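Structure in structure tokens, see below.
All chains are identified by letter, namely A, B, C, D, E and F, in their written order; residue positions are counted from 1 within each chain.
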Amino acid sequence: MSNEYKFFEDFKIEESYMTAGRTITETDIVMHAMHSGDFMPHHIDEEFAKSQPIKHRIAHGNLTFVFSTGLIFQTAGMNPNVMNYGYGKIRYPGIVYIGDTIKTEVKVVDKKDAKQPTHGVLTQTETTTNQRGETVCYVEHMLYVTKRNPKA
Amino acid sequence: MSNEYKFFEDFKIEESYMTAGRTITETDIVMHAMHSGDFMPHHIDEEFAKSQPIKHRIAHGNLTFVFSTGLIFQTAGMNPNVMNYGYGKIRYPGIVYIGDTIKTEVKVVDKKDAKQPTHGVLTQTETTTNQRGETVCYVEHMLYVTKRNPKA
Amino acid sequence: MSNEYKFFEDFKIEESYMTAGRTITETDIVMHAMHSGDFMPHHIDEEFAKSQPIKHRIAHGNLTFVFSTGLIFQTAGMNPNVMNYGYGKIRYPGIVYIGDTIKTEVKVVDKKDAKQPTHGVLTQTETTTNQRGETVCYVEHMLYVTKRNPKA
Amino acid sequence: MSNEYKFFEDFKIEESYMTAGRTITETDIVMHAMHSGDFMPHHIDEEFAKSQPIKHRIAHGNLTFVFSTGLIFQTAGMNPNVMNYGYGKIRYPGIVYIGDTIKTEVKVVDKKDAKQPTHGVLTQTETTTNQRGETVCYVEHMLYVTKRNPKA
Amino acid sequence: MSNEYKFFEDFKIEESYMTAGRTITETDIVMHAMHSGDFMPHHIDEEFAKSQPIKHRIAHGNLTFVFSTGLIFQTAGMNPNVMNYGYGKIRYPGIVYIGDTIKTEVKVVDKKDAKQPTHGVLTQTETTTNQRGETVCYVEHMLYVTKRNPKA
Amino acid sequence: MSNEYKFFEDFKIEESYMTAGRTITETDIVMHAMHSGDFMPHHIDEEFAKSQPIKHRIAHGNLTFVFSTGLIFQTAGMNPNVMNYGYGKIRYPGIVYIGDTIKTEVKVVDKKDAKQPTHGVLTQTETTTNQRGETVCYVEHMLYVTKRNPKA
């Protein structure tokens, strides 16, 4: 509700916050297959799943990733000074089953000048864990952020 | 329709293919906001969008990314020898507007042994372009692939 | 299928009907969160829900309300003589859990002249109950209805 | 991101805030018909709509209402001290067309003791306007709020 | 709203009714591709469509067909004496474009005894036309209907 | 990935293939009711279903049918030489319950000349079975296919 949007200078290395949680439902997995067009049998074919080592339908890795972006939006809100630059790394070290509940911790880990003197590039890790505290998605997210006081 | 799934040895550096296309609709953007929970005004608030340099609502970068995964599935199908290892890099060098049509070129760019002798790690670039040939999403995708003949 | 739409004069105080039923699924709750943008943890975070007195994810009150409007449409159909004027009162005296089945009883409780002599304002209660007969949503709905014979 | 949730005593009469905006799309109307089951021709039949005074398909009034609940959630977040008690009044004084952008102003207008000494009942108006500042939905929302210091 | 459901004897050859209308939106086509998994480029790739004789993305034939089933439900309601036996013929003599409005005429064309003396098989044509009166979907629908008075 | 699309001459009587599988979820049934507008209580009202011989909510027959079209697309891909001519017969000999997994076998059963010398009409059966091998949907699908060498 604040109008005081943060600028590049206002972000501090190591600052962090935790989002709210979201339970991954069968609906979410069906919806992700539908939305993306990725109907891999690991996600939508229970008979196939039973024949594999994991034995259950599981969430798409990218479902977990895009849900983390929504959880972050709902906690951090919009900041017009920040643009999505891209991702440096995405890993899926754990499996998300139907019924698991995820939440995401965001931590600033790097800041450096951008090519343009008006902006900086901020890197934050976005670590999504399940209800047992196991990491299921790890992201290095790069943001292009306006400086309050560009260097002359 | 073939049962001859490729193993790690069968992938060749520089081999590539192009997916079919998909037009990004207003529906897709609304659905991505709904599915992910990311209701950033850049995507769903036309009045905000008009006040910004781009002037229009645009697709979420991650919408383009997840759509590319569906296009790849629909072209390449499922291969039980292949697991998603993660992403080394994601960039969004171009903007996707409502009505743009995207397709994705997949190219094998790297192969190396995995820690386990039974598997290799394959890196493929997934380059999504719009109808004018401009790159709008660039991904380095790492796959964990079973070897046909693990080294003794 | 009839073309004989009712006018204001045709509605009688105390006349009533019951709609068909609809089972509230996890899908409906996820869809309501997605559609409305209301991702309150009471509805989508099982871990949060378990920490609260109710112990389970529950349906949004407004989900029950909007579902009652669909059930009414499917029973009563469309009447071009009737416009939605608004609601005088909405209460949620009971909780709707995943798997509950709701239906709605509609009863005319008040009729009065509108400011315009061509129309009347009709109030109907829309009482939604679950499969145990417990009221879970109570609405006073005001309709603006064309008169067959406007007073001179 | 704060853990300092407001209690009943912390809300002040006349305090207010404005949510972010959301553009109402054809997708949202189709989705509302699908979700609720209310396929009234005013919303989904362009030929019927052309035969009526308004001439265009329009949003369900309740679509605007439920979207306002999502906009409020995205601005105000979750407060475990607050429960939805119901609505005292809902009015739809204006029409929402495809392409209109809505936002909601929330203002505290009344506070009174509840039957239970541990809680109070707070009434806030939720006034949704379009991009021209015209009110399209007006709601009196009653909330059941925990007191920090219940009277002995 | 009536409890007097029709039995086999009550249906008369040549009896017919017309449903309400529904406008086919881009949303519906995207949703049909998502729901069915049929992402044929004729429906979702505008660049492909422009290269074909028809020049535009068009609705899936089966989208029109399943929408006609919904329109029929909304007009005729549920009858527990009637079961879906199957379809004798489906044809798509016309193309449905985004923005077209369809409605369906249902006509009883045949009645015959079923193998079981308790039931009859009724055939009704379901003819869906667009706003210009052109037939876009023609269906011969067979229903298995309980008799009021089974022959001894 | 091949550019060598089949022509009419290339299809052989008795040639066949099997699609991948898809598990029918509660989500799919709710989505089919929403998408089609067919909210028959057999599919969405658990209390009604319990009162009927089958005792459970079941999938719409047409849900199974449209899912088979998606499964076929995902296996066979797009062929610009093939157009949907219609269906000669659809039957639903078995019931699909929530949690069942379906797949479809496609077999060419007939080929004949079309009125236009440039095309032929091919009939293929599309037989959808559940995880126990029981047929739940049987379709005779007619395709209008371009000839490589039209007869002079």
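Everything that follows uses one rule, which is that a residue touches a chain if its C-beta (ideal position, glycine included) is under 8 Å from a C-beta of that chain, and two chains touch if they have at least 3 such contacts.
Everything quoted here is computed from the prediction, not taken from an experiment.
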{"item": "Set of chains adjacent to subunit C and to subunit F", "value": "A, B, D, E"}
{"item": "Any chain in contact with subunit E as well as subunit F", "value": "A, B, C, D"}
{"item": "Most distant chain from subunit B, judged by the mean position of its C-alpha atoms", "value": "C"}
{"item": "Of all other chains, the one whose Cα centre sits farthest from subunit E", "value": "A"}
{"item": "Contact-richer chain pair (by C-beta pairs counted) among A-D and B-E", "value": "B-E"}
{"item": "Option in E-F, C-E or A-F whose residue-number contact pairs overlap C-F by over half", "value": "A-F"}
{"item": "Same-site or different-site touching of subunit D by its copy subunit F, using the half cut", "value": "same"}
{"item": "Distance from the mean Cα position of subunit F to that of subunit B, given in whole angstrom", "value": "29"}
{"item": "CA centroid of subunit B to CA centroid of subunit C, Å", "value": "43"}
{"item": "Inter-chain centre distance, subunit B versus subunit D - centres from mean C-alpha coordinates, in Å", "value": "38"}
{"item": "Contacts with 2+ other chains: residues of subunit C", "value": "20, 22, 26-28, 31, 34-35, 37, 39, 41, 70, 73-74, 78"}
{"item": "Chain-level touch network, classified as line, ring, star, complete or other", "value": "complete"}
{"item": "Contact set on subunit E toward subunit C in their complex", "value": "1, 17, 20, 73-78"}
{"item": "Residues on subunit B engaged by subunit E in the complex (per definition of touch)", "value": "20-23, 25-28, 31, 70, 74, 99, 101, 131"}
{"item": "Contact footprint of subunit F on subunit A as seen in their complex", "value": "26-27, 30-31, 39, 41, 44-48, 57"}
{"item": "Touch list for subunit D against partner subunit F, complex", "value": "33-35, 37, 39"}
{"item": "Parts of subunit C lying in touch with subunit D, wherever the complex brings them together", "value": "22, 28, 31-32, 35-41, 52, 60-62, 65-67, 69-74, 78, 80, 84-92"}
